[in-house]
Every structure is written in structure tokens, then in C-alpha cells.
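First chain A sits with chain B, and in the next complex the same chain sits with chain C.
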Partner chain A sequence: MTTPSATPSAIHDIGYRHYDGPRLGRAYILRSLFVQNLRAAYGLGRPAKAKALPFILFAFMLVPALGSIALVALSKEPRLLIRYSAYTIDLQILVAIFLATQSPVLASRELRSHVIPLYFSRPVGALDFVLAKFGAFTTALFVLLATPVTLLYAGALATRDPKAKSLLNARPGDTPSHVDSVGTHTLHYLGALTGCLLFALVLAALGLVIAAWTPRRGFGVAAVMAVYMLSSTIVLIVQGIATTQGHYEVAGWAGLFSVFNLIDIVQAKLLGATSTMDVPTSALAGPAAALLCAAIVAGALAILYTRFRKAGTS
Partner chain B sequence: MPIITAQGLTMQYPRVRALDELSFAVEPGVVGLVGSNGAGKSTLIKILLGLLPPSSGQASVLGLDVARQGTRIRGRVGFMPEYECLPPDVSATEFVVHLSRMSGLPATAARERTADTLRHVGLYEERYRPIGEYSTGMRQRVKLAQALVHDPQLVFLDEPTNGLDPAGRDEMLGLIRRIYTDFGISVLVTSHLLGELERICDHIVIIDGGRLLRSQAVAAFTTTSGVLTVEVEQGADTLAEKLAAGGLQVRPEGRLLQVDIAGEQTYDLIRDGVADLGLCLIRLEQRRHHIEEVFTA
Partner chain C sequence: MNRTIAYITFRGMLGRRRALLLFALPALLLVLAVTLRATGNNDLDISTVVLQRFALGTVLPLLGLIAGTGVIGPEIDDGQIMYILTKPISRSVIITTKLAVAIALIIGFGVIPTLVAGLILTGTLAQLAVAFAVAVLVGGTAYCAVFVALAVYSRFAVTIGLMYALIWESLIGNFAPGAKNLSIQQWSLAIAKSLTSATAVKADISLGAAVVLLIIVSAGGTLLATTRLRTLSVTSAD
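Up next is the complex of A and B:
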């Protein structure tokens, strides 16, 4: 452990210099915290082992998009492109794994090593600390979700047959995103991006809260995964029963209790997307689902604030 | 101007009173805060950092009020906690750079200050390795570095010698003394061992059960006592007889002789006595009081 140069006498030789440069304020500290957490979410600045999983998952997220573009390019059949708004829902298991493995990195790694008091003994406020973490994880998730959708969009435009403009006058039964004009593609792409942002916000909120409750990393991963599996399975069962008994509206409303269904409802009712799942027909369903999303985010921020404030001052 | 003042500081938890009407003031320098475990040292530091509002009373740090100017205080002080507070999977450099940015240092300055500070606390090539591979002594140095990296005016060091072996303890104490003498940064250092603090502190505050026992400059405790300590290799007894015959007050204490100084001629008598008996003189020094004697007296 000791190197020959590490003799205490060597320390004396170098004089201490005071720092009289600038000390930047809250905005800079907040930005630095955000960047550090964003990097941590993808394992940057940590050993290679920590980078492996997020990057593998990120790569896996792109594969179906690339396949879909290739298929469209070969078949000249634009309708084979995966729907933008359905992409996250189709690949939800990958998203859930990313959420489960990376939430503890941001939420409980610093709790576990008791680093938090070192932040709060500096000019770092508990609210800024939580907002930076939440913002960073939301951004990390948004990058994960929006990149393949963007790839799909770019691929759709690149493989588009310029003569296919007649498709604008779509045949009956065509879903809007299958109509192959730049305008409709862009519209649906922007709607899907909004959906991705909503997914990122709600998933980040839930993931961080669950992981912050379970200081052990392994438990954190398991807890996030369990909440995802249980909620989606229970909703699926309830929807199955409701559908067989003809209660389609109940089946739709049940979707509020699973994150992916919840945001699917917002996408279908408010963002003009086509849903693959059960969605309530009521006009209230969209606003209700959006409100629930907002409540989840606000509640999560409040819980995280109390949790980290306690850890930082005790 | 005092760097820390406390006026009737009280911290009442539901079941215990951690601090009880604590009042003291200390000047710049190395200040030792001594008390047994649970005496209220860590609570006092949290209050001084402005992180814990006291139940009653006031305190100021660097002239800033802890209740209202906590953020400004935290921008100008450093804090080294007692407990383990380092992430295992990042390097010391990466960690300290990050925390210096949290104190508002721009990126380049943060890198430069980190390299300097880690060198000052005695971390060299190993600073690029993950902290998880460090020894206890190295971890303590990283903890110290993060408290110093933003060049604070005052650092709070909570039990910095905890868990260190005797050699590591001496090095850490030397380092703490240098923080004030060489770096010009005042220090509040806590310990439950009075003995180790008296060597490096200018001022000692002793608390017990949240109450102030004593707050005093170390110099006042350890002034010279008017007693000479004489140590000879052999023949202490014969020397004692000879000095006593010469009219000096001599008390043997183990292998040492304690001789009251009656005046200039006392030194001559001892010198001549040793020379006449042909003894080997090892030590002849003015005896200093130890703080512990004062408090146990």
C-alpha cells in the first residue's frame, strides 16, 4: 500500500496555496449534480462493470427499431413500421429491467455509503439534491426511450417512397401512423416523444422512491421489479375477468393501476395515439390518467425529499 | 474575533437533552472538543453547521448566525464526519473533484484543488484507484481532503483519529496541526481522548452530558511548573541524596527526580552533582503540566 514517495516528509515540501477564485452559486451546483447523476445512471465515472448493463439494455432497445426499418426498406411496406407510441409499451420488459437495475444506483448508492451528509454540509439544499437526481434519472430514461423512437422516425423518412404521397388519402382501416407522409410521421413522432417524456417522469418517480426505501442494492432491484410485475399482472388479470364479463369500461379504468397502461391511456386519450391495450371510452379517462401521473411525480418528490433530508442531517 | 460562539445552546430531544445551556467562545486556532461518547459533540457540530436548529440558545460560526445564515456558513467551512462516508466504487480523485464542485468550485479549479489537497493529506498514486481498496488510514485522508478541498476558513473534524493505529494516529494529529499552522485554516477537532488533543490544540472545550465542563486555552493548563525533571542513566538515588544534602527539595518519581527550582543556582547544583558522581545525564528539563492532571485534580 505504501509507496516510497509517500513519506510524510514529502508533504512539507509543497506549500499550501489558498483558493481565491470564484465560488459559483446554486445554479452551477444544481447543474453539476444533475450531470453527475446522469452519468451515474449509465455507469459513467464508475468501473466498467457498472457500464455494462445500462449500455447493453440501451443497445437492445435499438434492435427492434433497426429491424423494423430494415423490414420496411426491404418490403417497401410502410405499414410494417412499429408504431412510435407503441414502442415503449412493446419493449416494456427491457425498460423495467433498466429501471430496476439503475434506480438503486441513483437512489440508494449514496444512502448506502453515507455520502449524503457531505453534500448537506456544503451549500447544497435537500430540495435541489432531490430535483437533480429526479431530473437526471428522467433524462436518462428519456434518452433510453426516445432514441429508438427517433431512429424509427429517421428510418421511416429515409425509406419513404416519394411517390407514396397518395397514401395520404388513406384507405379505411389505416391507423394514422401508418399513413406515410412527412407531416403525419412528424405529428405522431412528436406525440410519441411527449409519451416518452411522460413515461420517463413517472417511471423515474416510482423507481427512485421504491429504491430509496430499500437501501440494499439487491433488494432495490427486486423491489422495483416486483412492483412492476405485480401491478401489470394484477391489472392484466382484472382486465381479463372484466372483459369476459363484458365490463369493458372497468377493464379500461383498471389500467390506471399499472404504469404502462396508465401512460397508454394518456397517449390514447390526449396525445392522439392508437392504443393496443384496454382504454376507457370515457372522456374523463385522459385527464384522470394525466392527473394521476402528476400526483405520482409530486408524491415521489415529497417522499424523496424527506428521505434524503433525514439521511443528510442525522 | 471569535470563530465560534455559543450562548445558552440547548438541544432537547424527546428523551434526552443532548446539549444543556452550553456557552463558550473560541478564537482562531486548533480547538479541541473533548467529551465521552454521547457527550453531545456531534450534535454540537450539526448545530454549528446550521443543519439542526437548537431548541434554544444561539450560536455563531465565523461571525455568521447558525439559525439564519446556514448556507453561507456551509460555503465557508469543511466537515469531516466521524463515520464511514465514502463510496467504494469511485476513485479518491473523482470523489473529491465532485464534492469540490458541490462547494461551487468551477471544473478546472476543482481538479487543481483536488490534486493539491490529496497531495497535502498524503495520497499519491493510489488516488486513481477505487476507494474500496484503501486502508483505514487512506480513507481518513480522503475524508479529510474533501473537507479541505474548497479552502474553507474553518474545518470541523469529528473523531479523525478513530480506528487508526498509533502511527497513523500520530500522522493524522500532525496533519491536523499543520492545517492551522501551514494552511492557516482553523480547526475544531473532537475526540474522547484528552491526551491526544492537548498536543495539537491551542484551546480545549470539554463537555460532558451536554454541559460545559471547561473552556480554556491549552497554554493556561500547561505552563511551566517550577519543577525540574532530572533523568540519569544510573545512580538516581545517590544523586537525590547529594542534591537533598545541597538543600534542594527532591522527589523521586520512578526513574526520574523532580527537583523544585529555588533559583539559578539549582541548575548549577544539579550539574555539579551529576559531574561529581560521574553519572550519565539523560534529561534535564522544566516540567510541564498535562491537561489531564488539571482535570483529574
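Up next is the complex of A and C:
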């Protein structure tokens, strides 16, 4: 037996004749794991039953965007277009269902069948393994969220009145339909894309941690959904009570406890979007919400790392 | 009823981390109730909102889903159900036992916490706490019967159940009022309305219809699950 750390060899090297040729290396491993997990998130390479739900949800995500573009094209009224930054929040139930059903696909399957040690018996590190999973799920979610927003953007440009003025040279008296320019749309679109990326990062982090924590089939789905439903309902009730009593600031800050409100705060405070839900007026709210997002992602990666490293040794 | 099956199922449901999820749901309800009571936000309207939207509308479907699919789904999934099916135990005994365990979990983690939360919020005012506790019990029974049947029929029971609870009961129910006629949540609400004098509790369906539908759904779910279990074929997981 050679010492395990001295060579990058794996278990198939039982000491007869060593392989000295080139190795594909860490980047290749990372890329392979990433692609495999990304495909798994949409059920590609698996039976039709596994593909059905992600693709149905993906199709449902596009329907309101297409309807909105058709409405704008028919009515010539650009204001009827769904706001880019509000799209994900308006369709949060679909996003939550996608998150709940697909995060166990990525995070629990290997834990349930106890094959993590097989991965780690090859030159795969726990950190690479977790990063590939997180990156793949973030990408999958980003595709789900950004495609309809991109569709909206393309639709808005296609149906745009060419005589409209840019936001940059708009005068105070101009009606909103006058600021229907390419520059304004691009600005809002890019802001919304950043929002989508933020949604993808935070949702992937939460979904994977919860699903890795409850590997039993069905429980992962229920647990992710429970976290989403409980947090949003509690925040809704608290905001309702706070608003009727006139504590608007409290209502805004309560949003930090629900993912969709949290990122709405970031979008409204830091990305220049109009808020969709209650948002605190304090200037501190934006940085606080962004910091919380970063803490969620970092914490989730740390938890996933220890979880999978432990699963790999047993 | 079979004591051994009930014992094994309880152990499966309450083992290790899974119990934490079950404990977290009622714990949040109680924390919310205590917080609202402590800050003086416990008038009849707010209490109704909390019990209706949170206890009946959020905690109960989740509990029903976890308990209903959890008592039988994983066993079918990993093939352990074969050890029960090959014993001389009638299929209806297996299903009723599983269902009884699920309902017991609903009572422990749903009905009692709802009653306690209601009492913390309003005391015995307008019988609100008792009304919602009964509604949770009746609705929970129907949810469990439906979700046990779903779990026997499909390996994607949790997802289908979630889509029913979220999309049908919440989303479509808000836009198309007709969908509310076929919603376990609304039937339970009708029961709650008949038991309390609080005017904030509104139901879209009459008590008679609700009772009949709840009985049909509970009995139908049990029957379907039993029939399906007779011809169950265990395929490989994933």
C-alpha cells in the first residue's frame, strides 16, 4: 500500500504497476460533477417521470410572460408588461415547488443510497463535490428564473414604440409610456437578472441544506416546502398586523425572515427596482438584506461541506 | 389494527431528525400565539386569521402530507412493505393501522397545539379554540386518507399532494371560487364556522355538504388505498 496522500491515485491502484501518464485533474472533475448535477436538476438522463415535473414547471413559468407580451402587443400599452423584478416574486409558488421537488434530487439521492464514500474514494474533495452541486443547482434555478424575464425583455423590445424617449433624456412631464426606451428596458432587465442570480444563489443554498438534512424520500420535499410556507405565512401575518397598526417600518423589517421578501428588499434598495412587497424605508435595510443573503450562502456551503464530508467517511 | 405495524410505523415517523420537522410545525404555531398574546395582538379577528391561515391553512396540509405519505411511502419505496405484505395480515388492517398512526400524529402535532394556541390567544371566547381544533381533526383525517392513498398509488405522492394543497387549494381557490367546493380546507372551515360564534370565520360551503364530502373523501381514500395495496408491485427505487 502506498500512503494515500503521496499520490493522487485512487482505490483501483493496488500497487502492481503505477500509472504515470497525465491526469485530467481537478477542473475536469469539477466540470463533470457540475454537468451531471445540472442535468439531474432537470431530470435529463433519467426516466420520463423525472423529467415531467421540472419541465412542466419551466413551461408554467413562461406562460405569464408570453401572455403579458401578447397583451402589450395587442393593447399598445407598455405599462401592462409585468415588471422584470416582480416576475419571480409573482410566481413564487411555482419557484418554491421547483425548489422543493428538485433540491432532494441533488442533495439527498446519494446520501440515501450511501454512495458518497465511493465518490470520495476517487480524487474528489468534499469541497469540490459541494461546490459542484451548489453551482449546478444555482445554474438550474437561474435558468428557470431568467428565461421568462429574458423573454419579457425581448417581447418588450419587439413591441416597443420606436418614437419613445429614453429615460435619460425624459422630462418630468413625460408619462411612463414615454420612457419605454431601449436604455430603460436594458437597465431594468440587467437589474432583474442580478435579482434572479441572487434568488438562485439563496434558494439553492437553503434548498440543498434542508434536503441534505432530511434524506428520507418525500421528507426532503415536505421540509423545503414547510420552511417556505411557514416563513412566508408568518411574515404575511406579522406584516398584516403591523400595517393595520401603522408600524410600517416593522412590517418592512419583518420581510427579512422570508426569502422572497428578503431579496425583494435587496432589489428595491440596491438594484433600483420598485418594491413588490413591504420594504423598510431605512437606508440600512438594503446592505443588511444583502449581508444576510451572503451569510445564508456561506453558512449553507459550510453546513453542506461538513455534512457530505461526514457522509463520505462512514 | 395491528400493534406491531403501528409500533414500527411510529418509530419510523418519530426516529431521529424526522421528528424535528414534526415538532417544529406546532412549535412555531405556539410561539406565534404566545408572541401575539404577549404583545397584545390577540383580539378575535387576529386570532381567527392566525388559526385559519396558519393552523388550518398552512400547518395542517403540511402535517397531513408528512404524516399521510410518511407512514407508508418510504416503506413502499425501499421495498420494506414486502415484509408486511407477505404476512397473513389483511390489506385493510394494514391501511387502517397506517391511517390510525397518521391520525394519531395529526392529533399530537396538530389538534392539541391548535387547541392550546387558540386558548392562549382568545381563551374560551366564542369557542374559537375548540372550533378550530375540531376542524383540524376532521380536516386532518381527510388529508391523511387522501395522502395515504396517493402514497400507495404514486412514488411522487408528496409532490402531487403539495401541488394540490398549494396550487388547487390556495392559488386556484383564490381566482376560481368553484375550486373551493373541492377543497378539504374549505370543508374544515365550514365545520369550524358551525362551532364558533366569531363572525370573522367565513366558509363558502354549507355544513351539510362539507360533512358529506369529508366522509366520502376519508372513506374513499381508505378504500382506494386498500384496493391498490392488493395489487401493489414493488419496483426499484429511483
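The rule we apply is simple: the second predicted complex is superposed on the first by the 279 of 314 C-alpha atoms of A that agree within 3 Å, B and C clash if a C-alpha of one lies under 4 Å from a C-alpha of the other, contacts with A are read in each partner's own complex, and residues count from 1 in each chain.
The rule we apply is simple: a contact is a pair of C-beta atoms (placed from the backbone, for glycine too) under 8 Å apart; a residue touches a chain by one contact, two chains touch by 3 or more.
Computed from a predicted model, the values in this text were never measured in an experiment.
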{"item": "Broader residue contact with chain A after superposition on the shared chain, chain B or chain C", "value": "B"}
{"item": "Contacts of A:M225 with chain B and chain C, given as first, second, both or neither", "value": "second"}
{"item": "Contacts of A:Y16 with chain B and chain C, given as first, second, both or neither", "value": "first"}
{"item": "First (chain B), second (chain C), both or neither touched by A:F257", "value": "neither"}
{"item": "Contacts of A:G45 with chain B and chain C, given as first, second, both or neither", "value": "first"}
{"item": "Which of chain B and chain C A:Y248 touches, first, second, both or neither", "value": "neither"}
{"item": "Chain B versus chain C as contact partner of A:L53, first or second or both or neither", "value": "second"}
{"item": "Chain B versus chain C as contact partner of A:P117, first or second or both or neither", "value": "first"}
{"item": "Contacts of A:T101 with chain B and chain C, given as first, second, both or neither", "value": "second"}
{"item": "Contacts of A:R109 with chain B and chain C, given as first, second, both or neither", "value": "both"}
{"item": "Footprint overlap on chain A, comparing chain B with chain C", "value": "109, 113"}
{"item": "Residues on chain C engaged by chain A in the complex (per definition of touch)", "value": "17-18, 21, 24-25, 28, 32, 36, 41, 46, 49-50, 53-54, 57-59, 62, 65-66, 69-70, 73-74, 77-78, 151, 155-159, 162-163, 166-167, 170-171, 237-238"}
{"item": "Complex interface listing, chain B residues touching chain A", "value": "46, 49, 51-52, 71-72, 74-75, 77-79, 81, 83-90, 94, 98-99, 101-106, 109, 113, 116, 119-122, 124-126, 130, 135, 138, 146, 150-151, 171, 174-175, 178, 182-184"}
{"item": "Chain A - residues contacting chain B, complex", "value": "1, 3, 5-6, 8, 11-12, 14-19, 21-25, 28-29, 32-33, 36, 45-47, 50, 109-110, 113-115, 117-125, 312-313"}
{"item": "Chain A to chain C touching residues, read off their complex", "value": "49, 53, 93, 96-97, 100-101, 109, 113, 213-214, 216-219, 221-223, 225-226, 229-230, 233-234, 236-237, 240-241, 245"}
